[in-house]
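Next come two complexes, and both contain chain A; in the first it sits with chain B, in the second with chain C.
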Partner chain A sequence: MEVEHLWPIFFISLHAMVPITLAAIGETIEESAGLFNIGLEGMMLISALTGALGAEYTGSAVGGLLVGLSTGALLGLVFGVINTYWKGDQLITGVGINLLALGFVAFMLVNLGAPGFHIVPRDVQIKLIPLGVGAVSPLVFVTVAMAFVVYWLLHRTQLGIRIKAVGENPAAADVAGISVNAVRLGTAIAAGALIGLAGAYLSVDWFGAVTKEITAGRGFIALAIVVFSGLNPLLALLGGFIFGFFDGFATWVSTYPKIKEIIPWQFVAMAPYIVTLLVVAGAIGRVRFPKALGIPYLRE
Partner chain B sequence: MRIFRNKVAVLLIALFALVAGPFLGTAVAGGKIALVTDLGGRGDLSFNDMGFKGADEAAAKFDLELVTIQSNSGTDYLPNLQNAARTGDFDIIVGVGFLLADAMAEVADQFPDQNFAIIDVTWLGKPNLMEIGYEENKGSALVGALGAMVAAHNGYDKIGAVLGIEIPVLYKFEAGYRYGMHWGNAKYAEVTGKKADVGLLWSYTGTFSDIAKGKAATEAMLAQGAGLVYNVAGPLGIGDLEAITEHLEAKGRSAGPPFMIGVDANQDWMGDGHRVLASMMKRVDFGVYSAVESVVNGTFEGGVIILGPNNGGIAMSGKQDLADFIDFGIGGGAISESDRGRITDNWVAMRAAVPGWIWDAVDELAAKIGSGEVVIPCGWCADTIDQIRADYPD
Partner chain C sequence: MHWAQALRKYLTPITESVLAGVIGLAIGAVIMLGYGYDPGAAYVSLFRGSFGSIFSWAESLANATPLILTALTFAIAMRGGLFNIGAEGQLYIGALAAVSVSLIHLPSPLHLIVALLAAMVAGMLWSLPVAILKLTRGVHEVISTIMFNWIAHFFAFYMIANVLTDPIRGEKTISIAETSRFARILPGSSLNYGIVVAVIAALLVLFLLWRTTAGFELRVAGHNPESAHYAGISRRKQVLRAFLIGGVLAGLAGAVQVMGRPPTYALVTGMSQVANLGFDGIAVAMIGRNHPIGIIFAAIFFGGLMVGGRIMQFSPGVPLELVRVIEGVIILALAVPELKRIFHFVRKRFSLRRQSHGS
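== the complex of A and B ==
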């Protein structure tokens, strides 16, 4: 492997980092407030579809991203209402969103036309920024910035303290005059927006098309990253990059004839998942999650 | 308690919808046919979609009702086939794909009076089962030869293949492509007098759904000097093509080289007509259509049917195919009618930029394969692929 190949692998890692990290940051916000949403995969999938259609309809890539973001926020609102005011079961709601997305997106793609996939025209895809050694999507910068902004928001502002109070001890937060359900609903919508942006990134930016399995498990990887990060958005950024790196690296080296002679490609292909497992297994145990995570708040 | 009862009721209704849903449909005058898809299901850009296309065309032509039954996991194959057979309503039940083989063998025995057909399987041997296999190795040899000669002509010394999950059917693609590449190298040297030493970069990505792996593998191959990449992983071709498009854009160009080679369906129309050099078409639609037609004509019988270059089951894409699949693309909303002229012009210009002798050479190879003068390895080579890799090295 030549040294100049390190740059493309670096850029592949950055681009793979974006959807996982954005979704993980979103999940971090709502888990901090006590909402456990395993519907990331489904929310990303639906937003990837609406983002692609939005880009075409508005004739602009940014328009597509905003449509995807709004779709995510709307799904976040639904998830939030069910699990705050209606005291629903968060796990079941999350599973429901995932199942809905699988059926909905496949159904829509069939109805949009025979091929079962949908291509986003080149001129309404996000333009990459050329950097000499490679080209990078502007969403990479947005993702990095978002990690710092959310870290600051959760750890340095009063709103962050309120969010965490609602997640740790909703009864005490209620006594202190914080509306538990309103805060949780707000975090669900904000989280949904980030998850929706992650989904739209897949179709409007990274792949330039939407297929019925475009997320390919990234929503679940994002959940693993959240566990690893212990609800720290900066660690989520790092985790997203590590997974993106190993995923891209494994695919990359599998094309090298010489490497194939030494290591069977199956082992190389396993690398990203083994690394994720090791990282999560190493992190679990020391990570502490909010006490009221996953429990609907009932005022007594 | 009442809440619990309600929950049970809701669950039962949901269960009923899940089980019965696939079978609900409106009755029409003629008979009924069923298409059972594999895991990939509709929208795989590959044999499931092509299988549906064939069944759909047959249903329209012969005034039949088509019921598509989607399999969501490997455990669905047997119950899906059994449920369809048990109704006794279907003139024929078609299973799409290698993955249904075991379930199909069992169901064909259980329901001896039911007509079945299966794609990509040729070893079950049941009197009521039509088994349809394809000579992907032959088609892949054609695009491999084309790829090697075009790459050499354009000054590249590598061609790539991005493959999906490592299953025996894909060995046929790989083996044929390898053979074709070596044939193309020899032909290039013979015609131009210059030594051609185009090598192969290949990767089994282990997926038929994660487009990122297709894109990353293609970027890796382009960085190592690949002049084109053969997509043997259905939807991953979207990622392959995206990588090629970005690679070209970075150089301020739109047209290849480097190119992609499409698979199964005709994908020449993608990439604005000038980034997909050719497609190795595996006409699953043709196979499904013929199976249905045989039932309608009363000529259905069990046994193996091999579709290949000689009978239109396998072909390298030509201009008429491009026109057909532009319609397909317009129907799918992927492109619009106003793109037709530009895509066709781009495609014609792309093909014209390749010297005529290369196209003649590909035709020559096709003729030799047809006459049996050239034998492409791997009719089925699950056991011998390692030997083929040694005989036709990277």
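== the complex of A and C ==
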């Protein structure tokens, strides 16, 4: 195999890395504060739709990304309020968001006239940056930068310490004068914004279209990456690239005639999910999670 | 227990579920208004379409059948303190197993029984690695079940397109043999004797959970892991129990769907007749409060929404997908324990105001 055949896989991997990593970084922020959100799949899905519509409405790709980001933040607010001030059940809320997203996006796609499919016009999609051997989305750089920024934020700032205190021992944080619910709500909104950006990236940038299945389990893969990374955004970036590689590899193989004949595409498509299982199974044991993860805080 | 006491015990969860249902329908109405539909007309046609005639009742019950089973999968795990969202994948595998049995020829009742058994075993085997990964590697079941759902999804696509393909019509699998089908209860409708299997399964789960030691251990482990530990209840056993029984039930759900639903009696490309039944089952279980009897009623409600949603799509033209939006809102409403408090608060305010008006 020639080197020039490998470049496309590398670029597909980079592009596949973006949504998974952004969502994983978002989830890392809220899990550090003790919120376990399995609704990120649905949040990405809704943001993919609103991002696409936002891009068309504002006539700009960046506008679309911002609309997606705000949608995610709004859903993060809903998740946050339910699971802080209203003391809701985090897993059930997550399932509710996922179901709601499935229905809402399908409903909107029907309303837009084309059931199951909506294309984002080329001129409002994100322009790729040409790099000689291939073109790359600016969001790839945003993702890498975000991993470093969030790492710094969580591990090197006072805010980061507060977030982790709330996740580890909310009662002690409360006594120390930190408002547990406010911090958790803040992380839920910030996480939602990143998850929303990940969703909008899918439609406005990577695929250039919205379908009901556009997220294809990427939200849950992001959850798995959070486990793999042990709440470290830099490891999440690495994990995102590994999964991006298999995701990209599956896409690439399905269009490569010789391989297509040997391995059926369905088995190649399974690869990212099987790898996720293997990596998560291998990662656990060395990873420690916040003590209060998933538990609503009730002041005694 | 005194009957009034028993009633009161069940009244709270029932009120909560009904309240969540009302909130779901109300928000559905708001969305319809926002998109220029007439919610009144939509709901009238929805409920006429779902429960307005014997025929529509039959269709609603037919739609409820697999949901009862997938909801039981979720509920039995939830009773054991586990969050099993793997019914979706196990259901595909069960359906594939049931179709595979039609490759061989057997006499009438035996063929049906063998197909059901094959689906149960297949569903159970698909669920087994989830339990093993949890017990040996500590992998959270939310992650592993979703991954297995996707693997099952692509595996089913492969089997439909390459292995079990109908030699004449390539877009579907071979049809279930006549000897392996559930007979229809109401001619011309989709309702078939598969519902008997689902109801029996619900009653067996009810018996298992509240009348056997195994069920007691499972509930204790779910309700209070610490005391279960001190009582010497093996967590390992409970995890295996919850996932394996869950797998059996989900496999059965796939089987009754392909063996009982006319007209194709086969899996088609895209798996439209089984897709999402596992996820809808989660919602059914939550509305049914993870209680087998509650689940039967919640499944009929959901089955009705699915049938009525299709009618609603024709007459006022509201997209069927709105039904799933309503489902999502109902689940969100159920996730909030404060809702009940807010509800009481509002009611008190209203009754106070009424009193002050009266005086």
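By our rule, the second predicted complex is superposed on the first by the 277 of 300 C-alpha atoms of A that agree within 3 Å, B and C clash if a C-alpha of one lies under 4 Å from a C-alpha of the other, contacts with A are read in each partner's own complex, and residues count from 1 in each chain.
Methods note: a residue touches a chain if its C-beta (ideal position, glycine included) is under 8 Å from a C-beta of that chain, and two chains touch if they have at least 3 such contacts.
All of these numbers come straight from a predicted model, not from anything done at the bench.
Of the two partner chains placed by superposition, only chain B is touched by A:Phe117; chain C is not. By the document's definition of touching, of the two partners only chain C reaches A:Thr276; chain B does not.
Of the two partner chains placed by the overlay, chain B and chain C both lie in contact with A:Ala106. Legend: residue contacts after superposition of the two complexes on their common chain; A:Gly248 is shown touching chain B, with no touch to chain C. Contact with chain B, but none with chain C, is seen for A:Pro257 once the two complexes are overlaid on the shared chain. In the superposition on chain A, contact of A:Leu128 is made with chain B only, not with chain C. Common to the chain B-facing and chain C-facing surfaces of chain A are residues 106, 110, 216-217, 266, 269.
Of all the residues in chain A, the ones that touch chain C in their complex are 38, 42, 78, 82, 85-89, 91-93, 95-104, 106-107, 110-111, 216-217, 220, 223-224, 227, 264, 266-267, 269-270, 273-274, 276-277, 280-282, 284-285.
Taken in their complex, chain A has these residues touching chain B: 4-5, 8, 12, 16, 106, 109-110, 112-119, 122, 128, 130, 135, 206-209, 211-214, 216-217, 247-248, 251-257, 265-266, 269.
Of all the residues in chain C, the ones that touch chain A in their complex are 31, 35, 83, 85, 133, 137-140, 142-144, 146-151, 154-155, 157-158, 161-162, 276, 279, 282-283, 286, 319, 321-332, 334-339. On the side of chain B, the complex with chain A involves touching residues 41-45, 49, 53, 160, 199-207, 209-213, 215-217, 219-221, 223-224, 235, 238-239, 242, 245-246, 249-250, 265, 270, 272, 328-329, 331-335, 394.
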